[in-house]
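Sending over a structure as structure tokens; questions will come in a sec.
Chains: A, B, C, D and E, in written order; residue numbering restarts at 1 for each.
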Amino acid sequence: MNTVAAGMPLGGVIFMTIFIAIFGYILIILARLIGGRRTNNSQVKRDIYECGIPVQEKRETKVSVKFYLTAILFILFDIEIIFMYPWAITFKDFIGSGQGAFVFVSMLVFIAVFIYGLFWEIKSKALEWD
Amino acid sequence: MDHSLLMAILLLSPLVGFLINGIRYKNPTANLSGGIATAAVAISFISSLILVADLIGMPAEARKIHVSFFQWMAVDSFKINAAFYIDQISAIMILVITGVGSLIHLFSIGYMHHDKGVTKYFAYLNLFVFNMLILVLGDSLLTMFVGWEGVGLCSYLLIGFWFSDKEKAAAGMKAFITNRVGDAAFLLGMFVLFATFGTLNIQEMNALAPTTAEASWLGAITLGTLFLFIGATGKSAQIPLYVWLPDAMAGPTPVSALIHAATMVTAGVYMIVRLNPLFIVAPNTMMVIAIIGALTAVFAASIGITQWDIKKVLAYSTVSQLGYMFLAVGVGAFGAGMFHLMTHAFFKALMFLGSGSVIHAMHEEQDIRKMGGLKKYMPITHMTFFFGWVAIIGIPPFAGFFSKDEILWMSFHSPLGSPALWVLGAIGAAMTAFYMTRLMCLTFWGKSRVPKSVHPHESPTLMTIPLIVLGILSVVGGWVGIPEVIGHSLGDIPNLLEHWLHPVIKPIPNLTEAEHSMEWMLMGVSVSLATISAFIAYHFYVKSPETPEKIANSIKPLYNLISKKYLVDELYFGTIINPLINGSKRLWMFIDVNFIDKITYVISDLVRGGGGVVRALQTGNLQQYAMLIGIGIVIALSIIIMR
Amino acid sequence: MITDVLMFWFLALVVLGSGLAVILFTNPVYSALSLVMAMVGVAAVFVTLGAYFIAGVQLIVYAGAVMVLFVMVLMLFDLKRETHSFAAGKISGALKLISVGLFAGLVVGGIVMSQGYFVKENEKSLGAASATQSVNTVAGSQTNLNVVNTDNTKVLGTVLFSKHVFGFEALGVLLTVIAVGTVALARSKGGTHAKH
Amino acid sequence: MGNDAFEITINLIKLVAVFLLIVQAVPILVWVERRGSAFIQNRFGPNRVGPLGLLQLLADAVKFLTKEDFAPDKAIKPLFYAAPVFALIPAALAFAAIPLSVPLEIGGYVFRIQGYEMNVGIVFILGVSGLAAYTILMAGWGSGSKFSLLGALRASAQVISYELALGLSIVGVIMMYGTFNLTEMITAQQGAMKFHAFGYEITSRFLPNWGIFYQPLAAILFFAASFAESNRLPFDLAEGEAEIVAGFHTEYGGFKMLMFFIGEYGHMILGSSLMIVFFFGGYGLPGITVDEVRSWAAGVTDGAAGASVLTTLIHFLSFTVKLVLFLWIFIWVRWTLPRFRYDQLMDLGWRTMLPWALGNTILTALVIYFTSVLI
Amino acid sequence: MQSTNFLTEVGLNHYLILSALLFVTGMTGVLLKRNIIVMLMSIELMLNAVNISFVAFSKYLNNVDGQIMVFFVMTIAAAEAAVGLAIAVTIFKRFKEINIKFFEHLRG
């Protein structure tokens, strides 16, 4: 087959990223130019949103540590899932070459560990939001 | 299904059972954990059945299933794979291990029902089955050694299962340490064989084995096999390393049935049979094996006559029967050895389980002087025990007859054997009949001597099912190896076992054609000897219970010597263990205190002083540490580059 | 192939530039975002080296997961600009810079000097490229750098699940241990040195 | 990128076209959404400007453009302005990797109807769409408002949580087709249902050979997860009006707001396209292979080029029809189902979908193993 | 050396030098930054640098093991980031302090 169109996708990706970025900024600038400046420039307009009361200066919001815990668990499980990809893609080949059982069992062990971790998290209520 | 998966299931299923039970050992219910453990072994049994069925389907010369999972280690030319193979020999073994094993697991559910550590118990049992399978299936001596050590460990753990009792813990340790002596010899044997053949793979070694016999005592193969045999004496309780087995009866009775009768103790025999092409070319080793085997058979049987503990009697009986197996392999009758191994596994496991049933019924009482007349309380146990009894004393057509007869005949007939060995074997057989009948009489027959506080009862169904199955096996188990002479006269019954094993067993060199008349005569002699001594025992212990005591009193010194087990334990303590301990104590008092401790004090003082100086560097500043690492790398790099 | 050369220099510029930006920004959130940029750049570098799957994993794991965590933590605790973003201490700072400089010089010098060695190694292995181990049997030469190599990932998977299967299992256990450990850590109420 | 200047130019234009395809789809989708919701809720919807209110789009665009562009004082300006621009990128980049039709063959050139052909297409798409979390975080933090920040944290936690289920649910699909390449997947789904099991070849005359019949559970999980990924109802917790105003784009207005919209619809289009590629045969016609269509086209038209154009068009049309159906489901669901609570959302992601996806993976592996090993 | 080729012929050395420079950048960050989280990020930078050289060697030595090592390094790096951040967050929650200088007080 002609490899031309297949090509290296990298150039395309970079081109597209740059193109969209430029396109987006142009639109913003365009909107700025067309939208213009209004004369009303009061403080209230330039404040951030605050349910109709004066803005509270302190921005020390209490954020639940759950968010960051979720992110950590996400990383770990994400990697475990990523490890399954090369397995999934080669599984049929392994079966073909007669090593299916070994690869299957090794992945089962891996998944068993994974499930253990998952159920530990569920049991320890780390994944519970209230 | 492909073989690698089946093999993986066969091996891993007990391991998974071990992990499940081992991890959740705190929730003990005997039914659950025992169910898991039994299922695990039963799965193994099913997959081994499938594997063996496949094996039978193959042509006779190519019967072999070889599975290699991964490379375990590789050092230069020394390569060991985690590979396992099933041939005709190991096929028998895996069937026995997983089959008898699952029956014993089933029995244990009932037997250990009230024990606190029941989950732990089943975890150990499963671990044992796993290790035993590795031992049996391993395709190299090193893989086998892993299982060899593993079963030793499990045996230790299970003998000392009730470790809060000091004596039982000590029995476990005794077993472990005695086994270590044998294991060291096994290792040495491995070294010698590796130096000779450059491989530890069993099949390769068997293929490389020379065809001519090695006459010298110091030849490599003779030396290697001798070392291996010493290893086998440790594991299989032969003279001089048999002392641990009777003590091992401290463990739970199903353990004694599984480990110390049916499977682990036969590992030595199995190892020799598996390496038979090597052993057959070392006639000196064979001679040693045969003599030790025969001596052990008689020696242990004589001790068995004087014991009062039901399990001890069975234990010495096991040692004695193992002696027969070694006698068989020693005279080159490897097939007969395997045959006896198999039948022995059936009837001895049966008898141990039966004794477990009795002990269970008697509320942990093991002394046969306090039993008697149990026949009417425990009909099933009695019936199955009866089958075991007739099997072991060699009454035709029960299992033990065929195997024992073949051993005796081969020890007479084989060029490696001699009439003297046959005489020893026959005496042993008579003694076996005597003490077994004695056990039978004192336990089940005669009048009851059961204390008033004990109410014997039949065991629950869970425990009697294995007994019944094993009882049937003890009856029919011998029919797979009906000797040619009998089979010929009854029609055309083939010796199935011999045909099965034939491709993997090296024939005995210079074996002459058997004379049928001679064989019939010897068979008659041994059977009648056994029958006569059984009748004598019956007479002594049922008809006139006072006679044995009189005889014992008339030969008091000899009786005492025998009932104290020939003072072998004391001998070992006096000559080996105590001097070792005393010498070590002196060494400690002199060298350790005066030199080694001093040196360490000086070193520690130096380190402490130096540490005081270097301590200033530990500021807790992470970046400073990183900087020091960086500087170190820079220096190292510049040395490398400037060089 | 001039486009490949240009691509390399462009990516090198992006990676090094955003790498420098990581340590030069005083606002840690900007640092984190430039690190994301650097990681995406590294993924692109992997693509130029023919490691497509690894590049994808780099995107998913590093750029998509690890850095999300960093950014989240920074935003969670609202860590804004710091007046002194670099450590104090003139002498130690100088020492650190000197050691870093020396290190850089030594490594780059070593790489440049080693030219012949690696090239030789390359040719040697190219000559004896075995079928199973060849990631880019053709990509060893510059001209075929861009060919979409179908078997790359499959070879990776095959080797991972045969030769490195124990490392793989060990990592599975490690990840579970970390998952359990971080949850325990995040829940702890502070250490034994509570001096406040 | 290409051999000669012509080809490079075409390829670049193709990329621009793919992007514009998303951008132009947004006003239409907005209109469909408004009319559709009105239809579902028994209202009229926009019907004043132009026929059927179609010109409402134009009016909206004009209104957005003429809005004053400003940023709050507390906002961190570079991030505040960068966030909407970057919101456009991930979905468009990922969408460009999806094959929309059969390659066009004209005069020795082969033009793929897709932005770029990728061998590791799935991994690339997952990786790039994972970057969408940054735009949300940038917008939330750059606004300098606590509602924005809270909304951003919520949204990103939600997006990454469902990325797990998303990634895991397609492991079974990858296992079945043994490839990451989307074109190969589509090729494998062509024609009537046909598979091998236990040594037999099983064919069906009625069902197409689509992934949905092999992986129904994966399809459901994937579809639900792609709802969450695009922050659509019932998973639009990021902008729960009653709790955190409008989420991470509370402070945005005018054209910048529209760009977030484009990003969201882009994700919607991406999710639908992936559904189509993985489970509904991609651009293929149900039960009919590309070769059959091609031979038919060769009979209808004269010349190879004409046949190729016709084939490509037919398949592009097939893809479009499927895409429209799925987008309609997206809209339909939005106006049918109520919003989840946040704890329910996280529960669903971590404790329901993840184990199910895991079970699906194991089950698929088992079935594949035993059907191919057992005789 | 061959200064004419250096710009136009990209080879293994280019990737290695890129990797080395990136590594040094990260090292500088670890040594000099005060914010513990930025230090962790610098460590990630260093690991990325190492990964580049792994993949470069993998390509030029025709051996896929390098890519698998990258896979493993990424896993370890993610685990390290998770634990490192968990510790940093725990300390921050307790003492409201993120400066590396403060961490000296934690020494035993």
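Here, a residue touches a chain if its C-beta (ideal position, glycine included) is under 8 Å from a C-beta of that chain, and two chains touch if they have at least 3 such contacts.
Since the model is a prediction, treat every value here as computed from it, not as a measurement.
**Q** Through how few touching steps can subunit A be joined to subunit D?
**A** The distance in steps between these two chains is 1.
**Q** Which chains contact both subunit B and subunit D?
**A** Output, common partners of subunit B and subunit D: A, C.
**Q** Looking at CA centres, what chain is most distant from subunit E?
**A** Result for the farthest chain: B.
**Q** Report which interface contains more C-beta contacts, comparing C-E against A-E.
**A** If we tally the contacting C-beta pairs, C-E comes out ahead.
**Q** Which chain's C-alpha centroid is most distant from that of subunit A?
**A** Relative to subunit A, the chain whose C-alpha centre sits farthest away is B.
**Q** Averaging over Cα atoms per chain, report the distance between subunit A and subunit B in Å.
**A** Chain centroid spacing, subunit A to subunit B, equals 59 Å.
**Q** Need the CA-centroid distance for the pair subunit B / subunit C, whole Å please.
**A** Each chain's C-alpha centroid was found; their separation is 56 Å.
**Q** Counting only Cα atoms for the centres, state how far subunit A is from subunit C in Å.
**A** About 18 Å, centre to centre.
**Q** Express in whole angstrom the distance between the two chain centres, defined as the mean CA positions of subunit D and subunit E.
**A** Here the centre of subunit E sits 34 Å away from the centre of subunit D.
**Q** Subunit D: which residues touch two or more other chains?
**A** If we look for residues of subunit D contacting two or more partner chains, we find 1, 117-118, 123-124, 149, 153, 156-157, 160, 163, 167, 180, 373.
**Q** For subunit C, what residues touch not just one other chain but two or more?
**A** 3, 53, 57-58, 60-61, 64-66, 68-69, 72-73, 76, 87, 96, 99-100, 103, 107, 148, 153, 156, 160, 165, 171, 175, 178, 182, 186
**Q** Hey, what residues on subunit E touch two or more of the other chains?
**A** Answer for subunit E, listing residues that touch two or more other chains: 27, 31-32, 71, 74-75, 78-79, 81-82, 85-86, 89, 93, 100-101, 105-106.
**Q** Name, in rising order, each residue of subunit A that touches subunit D in their complex.
**A** Subunit A reaches subunit D through residues 1-2, 4-9, 11-13, 15-17, 19-21, 23-25, 27-28, 30-32, 34-38, 43, 45-51, 55, 59, 61, 63, 66-67, 70-71, 73-74, 77-78, 81-82, 84-85, 88-93, 95, 100-101, 104, 107-108, 111, 114-115, 118, 121-122, 127-130.
**Q** Mind pulling up the subunit B residues that touch subunit E in the complex?
**A** Spelled out, the residues of subunit B in touch with subunit E are 618-623, 626-627, 630.
**Q** Under the stated contact criterion, what part of subunit C meets subunit E in this complex?
**A** Residue positions touching the partner: 2, 4-5, 8-9, 12, 15-16, 19-20, 22-23, 28, 31-32, 35, 38-39, 42, 45-46, 49-51, 53-54, 57-58, 61-62, 65-66, 69-70, 73-74, 77, 79, 82, 84-88, 93, 96-97, 99-100, 103-104, 107-108, 111-112, 115, 118-119, 121-122, 125-126, 129, 133-137, 139-140, 142, 155-156, 159-160, 163-164, 167, 171, 174-175, 178, 181-182, 185-186, 188-191, 193-194, 196.
**Q** Taking the touch rule as given, give the residues of subunit D at its contact with subunit C in the complex, in rising order.
**A** Within the complex, subunit D touches subunit C at residues 1, 79, 117-120, 123-124, 126-128, 130-131, 133-134, 137-138, 140-141, 149, 152-153, 156-157, 160, 163, 167, 180.
**Q** Quick check on the complex: what are the subunit A residues that touch subunit C?
**A** Result: residues 3, 6-11, 13-14, 59-60, 63, 65, 67-69, 71-80, 82-83, 85-87, 89-90, 93-94, 99, 103, 106-107, 109-110, 113-114, 116-117, 120-121, 124, 126 of subunit A touch subunit C.
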